[in-house]
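You will see two complexes here that share chain A, one where it goes with chain B and one where it goes with chain C.
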Partner chain A sequence: MMNDSGSAKPPSPPRLRSANLPEIVDRPYTDPEPFLSGHPILPEDMDINDFSLAQLHEMNQKLLEESMGAEGPLISWPEDISALRDEYSNLPDFVAQINTLSNQGYRTIIRVKGDGDCFYRALAFIYLRQLICSASARSLDQLSATKTVLADAGFDEIAYDTPYDLVMGLVKSDSAGHELWNTFTDQSTSNYIVMYMRLLTSAHIHLNQDFFSGFYQNIASDSETSNPLAKFRRQFVEPLGKEADDIQVTALVQALKFHVKIAYLDGRSPNGQVNFHDFGLDAGDAPGNSEPPVLLYRPGHYDILQKDA
Partner chain B sequence: MASISARRLRKELNEIHAEGCPCGIKLLNADNFETWFFSIEVLGESLYQGEVFKLMFRFDANYPISSPAVQFVVDQNIQAPIHPHVYSNGHICASILGTEWSPVLSVSAICVTLQSMLASSKAKERPVDNDRYVRTAPDNPKKTRFQYDDDTV
Partner chain C sequence: MSVRGPNSATALRRLMTEYKQLTSGGAPDGMFTTGPISESDFFTWEALICGPKETPFEGGVFVARMTFPPDYPLSPFKMKFDPPLFHPNIYPDGTVCISILHTPGDDPTMYEQASERWSPVQSVEKVILSVISMLAEPNLESGANIDCCKLYRDNKQEYERRVRESIKQQLGL
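Moving on to the complex of A and B:
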């Protein structure tokens, strides 16, 4: 604003901050944003029609988790694929697909708990196992490159350095077998690994908004916010327990510069054929000399599939 | 080995000690990794000029994966701000403390957001359902399910 009151003071240079506002530490991502507020739902007022779609989804997922039982481990010890076949014994289309997988040499399944984090946990497990097994300086470089993604996305370091140190410590500890499994079955450690993967997914989506906004159109239709992608990341990527859709799957595989195949077990193929989809392999990339790891997808759930026991 | 939530809180505390709190926020007490207290006031012109409030943060072992329980302290010495989103028992209705919590947020970030919630307030009044809520409210605000629908802060 111009000051015409005749004072001899030269106009002050333009400033980003108004002196009246509280000083805000320079953290692009955590700056206060407008948030939703509303009112508490009192028990006497509860009515299913009052819940928003997002709340119903959340309640549904909780119910699903409860029905899966709390007793299962976050990641199971490898099981023979016949155990899976037994579960589907009265669904011939599934059995045919499971037989196809078995005939292709996929004999083992590692089950991942269906708690909304299964994709992130499964991918983290096979990614870290591969990094540890390849045991090269390049593995460490690859992992530290992911930290740069988070920094570039403007995340506050405090949000990611604890889980990053944890994941890096794991890769350096060089324990791919039983110990890695132990790590992934420990709730707290395992969830921090998932948290790191989620933050990385969010950061990668943020840094590649043009690419991901295409994916996002169907999901965004109900949103009125000025930055629906940011809201989507905040609501459906960063918090634990929110299932991964194609957008998150694509983003995380890209961010890790990883290559994974996903086998679709959906009981929809009359001749027992199983479709495999490649994620994270660009047209220009030479496929590695070893076969990429495989995730088994059943609608709404991911497990790990492998050839060796 | 300290739990991961304690390690994260230790880092946040170190940062607060090294860099100080955002303006208008003061750390009153952080003797453990379960409960922290801050004083909070709005600097500059606002409806709350000259008023100082006290915030309580309660953390569980899953912080920052799960949000902290945050509320204004209400006792014989101090009251919660009179604000359309703040109940007289100190509970706050803000989606970032509930469904929109993200582990990317931190204690300082919450303080700054609540400060800006107060700074932009246009009316000093309690939420319309204050009395009904306060009568039956649980001790821990995280046990309340809020319906978020009002986008105006």
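Moving on to the complex of A and C:
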């Protein structure tokens, strides 16, 4: 695209050579700037393998940002997965994985805005949609049980009452389709739902400290505070805009007593294979009759993946 | 109610709940009273705060105005003393600079990383209590009034004298 296919590669810059040092880079160094500063279009004379892992990661992040622009809605209308494939057309490892998903029947993606709340928003959407669709007294019980979790964790009632009423009202209103989508695209309503999910996540971590302190040591080592988990909840769980790590994902799915599969689209598996991870399903549990909803994970971002539009 | 778009209903409900709780429970030790300035605008509150005992602010009663965003409590409110207070963490225009009123991503002074931040679990009551302890113990690392910070650090007696002086003036003594 940028060069004729016949043109030579850029000359390699002078490098230090020493017979005593092993040769690490066996390809001429190429300055990443021209590719990364713009849309990552691969020049025809370059192969994807010419890029380092770090460069690939950066290109992926760039794509993510463009794919999830600041202008987009909080939750998109279902889109054909081919749109996603087109965005990755220069990254064959991603395309292979997207094809795998498509062949497994996952043909639709609902995009969630990449604003740091995407996991909470995506999970809340599929959770509430499922509650509303199942339309039973049991689903109302399930939801009201989450309020008990917040009370048990010692949260002040004023902190969770209003968002709880909002979420409960939504489930009772029985509006699964277009209306639910409308609700989730309305900035403030959508964010109150996210807020409820965040409080619930925080409460669940607090009530299961023994379990979660194991996770926590992997995330940060802050031994100076007497209760690092409390600080973690305050700084990285409760405030809006803070991305969810494994600990938050695990906690929220557990707190909702939900079961979700997460498909990992990372462009790093051989043969385009896609790994699915089950969350909220104990090792001994038999998988339910119905297939659990699926989130699509790209490093740093969550969307919703589904089989039918 | 005032025009704030259709989406501030949740914020309004939350503010009414907080107000109800504050009026039924009463402030601890009667250190402050607060509420909306009028029934037609629940998004602007006023607080009367008593100067904490055994500080130069003792004996004073200070008026602060709080303005709430339409997406409260997702975003914090703003708090401004009117008239302004002479204090290291209060801007000369009266606006309070305290970590609990900043979201974790918003760190104007870069010194607040370890301190308590705004999140929806905070409330008017918790913030005012934090402001009262801030009156007693200024935080020089995140100063808002630089002259006042200097004076506090270099000549604390003079700082205290000026605070007492302003309170006397305020009370018309």
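Following the convention adopted for this analysis, the second predicted complex is superposed on the first by the 236 of 309 C-alpha atoms of A that agree within 3 Å, B and C clash if a C-alpha of one lies under 4 Å from a C-alpha of the other, contacts with A are read in each partner's own complex, and residues count from 1 in each chain.
Everything that follows uses one rule, which is that contacts are C-beta pairs under 8 Å (C-beta built on N, C-alpha and C of every residue); 3 or more make two chains touch, one makes a residue touch a chain.
For clarity, every value in this text was computed on a predicted model and none was experimentally measured.
Visitor: Return first, second, both or neither, reflecting whether A:L166 touches chain B, chain C, both chains, or no partner chain.
Guide: In the superposed model, A:L166 contacts both chain B and chain C.
Visitor: Look at A:A83 in the shared chain and tell me whether it touches chain B only, chain C only, both, or neither; answer first, second, both or neither.
Guide: neither
Visitor: Considering only the touch criterion stated at the top, classify A:L91 as touching first (chain B), second (chain C), both, or neither.
Guide: A:L91 contacts neither chain B nor chain C.
Visitor: In the overlay, answer first, second, both or neither for which of chain B and chain C A:D186 touches.
Guide: Only chain C is touched by A:D186; chain B is not.
Visitor: Is A:C133 contacted by the first partner chain B, the second partner chain C, both or neither?
Guide: neither
Visitor: Could you look at A:R234 and tell me whether it touches chain B, chain C, both or neither (first, second, both, neither)?
Guide: After superposing on A, A:R234 lies in contact with both chain B and chain C.
Visitor: Who does A:I158 touch here: chain B (first), chain C (second), both, or neither?
Guide: The answer is both, since A:I158 touches chain B and chain C.
Visitor: So in the superposed three-chain picture, is A:L199 touching just chain B, just chain C, both, or none of them (first/second/both/neither)?
Guide: both
Visitor: On chain A, which partner touches more residues: chain B or chain C?
Guide: Partner with more touched residues of chain A: B.
Visitor: Overlap of the chain B and chain C footprints on chain A, residue-wise?
Guide: Overlap of chain B and chain C footprints on chain A: residues 155-156, 158-159, 161-163, 166, 188-189, 191-192, 195, 198-199, 234-235, 238-240.
Visitor: Touching chain A in the complex: which residues of chain C?
Guide: On the chain C side, the touching residues are 7-8, 10-11, 13-14, 17-18, 21, 70-71, 73-74, 103-105, 116-121, 123.
Visitor: Sort out for me which residues of chain A touch chain C in the complex.
Guide: It is residues 155-156, 158-159, 161-163, 165-166, 186-189, 191-192, 195, 198-199, 234-235, 238-242 of chain A that touch chain C.
Visitor: In the complex formed with chain A, which residues of chain B make contact?
Guide: Contact set of chain B toward chain A: 3-4, 7-8, 11-12, 15, 19, 22-24, 42-45, 61-62, 64-65, 84-85, 91, 93-96, 99-106, 108-109, 112-113, 115-117, 119, 127-129, 132-133, 136-137, 144-151, 153.
Visitor: Please output the residues of chain A touching chain B within their complex, sorted ascending.
Guide: Contacts found on chain A: 19-25, 27, 29-43, 50-52, 54-55, 58, 155-156, 158-159, 161-163, 166, 188-189, 191-192, 195, 198-199, 202, 234-235, 238-240.
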